[in-house]
Amino acid sequence: MSNERYTRGWEKLMQIDGEGGKRVIESMRDIAPDLGKYVVEFAFGEIYAREVLDLKQRQLITIASLTTQGGCEPQLNVHINAALNVGLSPNEVIEAIMHCIPYTGFPRVLNAVFVAKQIFEERNLKIMN
Amino acid sequence: MSNERYTRGWEKLMQIDGEGGKRVIESMRDIAPDLGKYVVEFAFGEIYAREVLDLKQRQLITIASLTTQGGCEPQLNVHINAALNVGLSPNEVIEAIMHCIPYTGFPRVLNAVFVAKQIFEERNLKIMN
Amino acid sequence: MSNERYTRGWEKLMQIDGEGGKRVIESMRDIAPDLGKYVVEFAFGEIYAREVLDLKQRQLITIASLTTQGGCEPQLNVHINAALNVGLSPNEVIEAIMHCIPYTGFPRVLNAVFVAKQIFEERNLKIMN
Amino acid sequence: MSNERYTRGWEKLMQIDGEGGKRVIESMRDIAPDLGKYVVEFAFGEIYAREVLDLKQRQLITIASLTTQGGCEPQLNVHINAALNVGLSPNEVIEAIMHCIPYTGFPRVLNAVFVAKQIFEERNLKIMN
Amino acid sequence: MSNERYTRGWEKLMQIDGEGGKRVIESMRDIAPDLGKYVVEFAFGEIYAREVLDLKQRQLITIASLTTQGGCEPQLNVHINAALNVGLSPNEVIEAIMHCIPYTGFPRVLNAVFVAKQIFEERNLKIMN
Amino acid sequence: MSNERYTRGWEKLMQIDGEGGKRVIESMRDIAPDLGKYVVEFAFGEIYAREVLDLKQRQLITIASLTTQGGCEPQLNVHINAALNVGLSPNEVIEAIMHCIPYTGFPRVLNAVFVAKQIFEERNLKIMN
C-alpha cells in the first residue's frame, strides 16, 4: 500500500519545497495526477527520506543536477526556494551554482544564477560580498 | 602574473585529486599544455579555492554535476576518488549519486555507480548496508 | 530533383502537423528558407514517409525524443498536436511522456506535461482518470 | 509495504529484460542495493506496470529516450534486447532508432545502431532489407 | 594579480560583445560579482585572447557550441550579436547554425535560427537568398 | 531521384572524411543501409555541399558541436581526421576544442582532446607550442 510512502513524501515535500512544491503537485491534478503521486511518493517519500545525507547536502546536489541539466528553470525555482527553506544561505546557493562552472560551463551557470536572483529579490534576501 | 594562481591551484589539485589529478595534467603536456594550465589555475586555483563551501560540499556538487552531464566517466573516476580523499565516506558518495535519480533518471545514475564500484574495489572499501 | 521528395514531405507535414507545421515552415521563409526545405524534404519526405512503423508509433518516438532532449518546448507543442492529429488519445500522449520518467527524470517530464496541458486546454480535450 | 510493488516489478523485469535485467540488479547488490530496489519497484513495478500503452509501445519510447540522451549504451543494450523480448522485430528496432535522426542528429543514432548491430549478431538475427 | 587579465578581458568583451556583454556583467553585480569577473578574466581575458584562431572563427565555434547545448537562448543572443560585431555576415551566422543539423537535429537548430531572426530584425539586417 | 545527391555526397564524404567515412558507411550496410544513405545524401550531399562557409569553417563547427554534445567520441574521431584532411592544422583543431571550455566546461573538452591526441599519434603529427 502506498499511503505510508505518500504521507511521508507529502510531509517531506511540505518541509522542503513548501507552497512551491504544493503548487506543482496541484498543477498536475487534472492532467497527470499519477505524475504528482510519483513525485510525492518516490522523489520525496523515498529519495529525500533517505539517511546518510542531510537536507542541506541534498539541496546542494539537486541544484547542481538541475543547473547542469539545463532547461530546468522552473524546477530550479522550486529547489532554490527549497534550499533556502532548509537553511542554506543565499551565498551558499550562489556558490553551489558557481562551483559548476568548470564542469558545465558559463551559460548554464548564468541561467541558474538569474533564477536565484529573481528568488532573492522576491524573498528580499541579500548576498554578502 | 599567473604563478600565484598556479601554485595555489596545484596545491589544491594535489590535496583533492592527488595522483589521479596529476596524471590528467601530465597527459595533456604534449597535446594541450594550456588546457592543463587552465584546469590548475582556474578550476583549482580559483573555483576550488573559494570559501563559503568546504571541500566535502564541493565534491558532492561535482559528483552531481558529472553524473547528470553523462559521458564523463573518466572525470567521475577522478572526482569520486577526490571525494574519498577529502573525507566523504563511500556511503555518502553512493548516496549523492542516488539522490540524482529523480532529476536525471536511472541510466546516468547507474553509469556513475559503476564507476564508484570499480574505485571502491581498487581502494578495498566497503559500503555499510 | 527534389520536387518529388518535397511534395511527398509537404503532404506528410500537412497530414501530421497541419497548421502548426505550416507556420513553422513559413516562419523560416525570410531567414533560412533551406532549413524549412530540409524539414519538409528530409524529416517528412524521407523519415516520416518510411514504412515499418506507423504514424502513431512515430509520434510516440518523437515525443520521447523531444521530452528527453529538453529545451524543445516549441517542437513538443507542434508534435503533441501532431500526435493527436494522427489518432493518439490525450491519455496515450501523457502516458508516453510519463514513461520517460525513469530514463530522463522528473524535470523534463514535467516540462513536457505542461506543454501537453496547454494544448489539451486549447483543444478542449479531457484526460480520463 | 513494498513487497507487492517489488514482486510485480520483478515479474515485469523478468518478462521484459530477462537475464540482462537480472544481471544489472545483481551487479548493484554490494554497492547500491537500494538502487536495484528502486529500478524494480519504481521503473518496473510502477511505470512499466501501467496501462494505456502496451509493452511494445513502451520499448519504442524507451529506445527513443535512451538514443536521444546519449552515453547510455549499456542501458540501450538491455532495452534493445527487451524490445526483441516483447515482440518488436529487428526492423522495428532499427526504424525506431532511425526515426530519431531529425530530432537528435546522426551521431547518437549511429551509436544506438551499433549497439543494435552487436545484439542482432549475438542473437543471430537478420534485418530484412 | 588579476588586473592585467581583467583589463585584457574587458577590452575583448567590449570589442566582441559590446553593450550586450556589458549588460550581462552588470546584471551579475549584486548577485554574483565573481561570476562576472570570471567571464571577463577567464572566458575573454584568457580564451578569446588566445592566438591560432581569429575572432570570426571563434564566433563560429561559439555559435555551434551554444546551438548544440540547447537551452542557451540568452547566450546565443549575445553571441550572434557578437558574431555580427566581429564581421561575420548574417548569411554566415545562419549557415553556421544550419551546419549543426546533422549533428544535433532540427529542434536545436530551429531554436537558434529564431534567436538569429529576432536579432536580424532588431539590427535591420537582411539575408541574401 | 536521389542519384545526383548521393553521387555529390559520396564525393564530399571521400574528400572530407576519406577512409574513415567510408568505413562508417560500410559498417551500416547490413544493419541500417538507409542510415548510411542519409549520411551520404543529406549530411554530405546537401549540408556539406552548401556554399557560404568553406570546409575548414565547417569542420571547426562540426568539432565544436560534437565536443559539446558529449558521448560522440567515435564521430569526433572521424571528424578530427576530416579537419586535418581539409587543411586545418593540429594546433587549430586543439584550439577549436579548447575554445569550447567556457561554454561546455572542462570534462567534454578533455574527452575531445584525448581523441585528438590519439589521432595525432597515429598520424605522427606534432603540436607546436
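We call the chains A, B, C, D, E and F, going by the order they appear; numbering starts again at 1 in every chain.
As a convention for this text, a residue touches a chain if its C-beta (ideal position, glycine included) is under 8 Å from a C-beta of that chain, and two chains touch if they have at least 3 such contacts.
Because the structure is a prediction, the values reported are computed rather than measured.
The chains in contact with chain D as well as with chain F are A, B, C, E. Following the contact convention of this document, A, B, E, F is the list of chains adjacent to both chain C and chain D.
Two copies of one chain, chain E and chain F, touch each other, and the residues they use overlap strongly: the shared fraction of interface numbers exceeds half.
Distance from the chain A centre to the chain B centre is 23 Å, each centre being the mean of its Cα atoms. For the pair chain A and chain C, the distance between C-alpha centroids works out to 30 Å. Among the residues of chain B, those in touch with two or more other chains are 34, 38-39, 42-43, 50, 66, 69-72, 75, 98, 100-107.
If each chain is drawn as a node and touching chains are joined, the picture has every node linked to every other.
If you check the complex, the residues on chain B that touch chain F are 24, 27-28, 30-35, 38-39, 43, 66, 69-72, 74-75.
Interface of chain A with chain E (complex): residues 70-71, 94, 97-98, 101, 105-111, 113-114, 116-117, 120, 127, 129.
Interface of chain F with chain C (complex): residues 1, 4, 34, 38, 42, 46, 50.
For chain B in complex with chain A, the touching residues are 39, 42-43, 47, 50, 52-53, 57-58, 60-69, 72, 75, 91-92, 95-96, 98-104. On the side of chain A, the complex with chain F involves touching residues 100-107.
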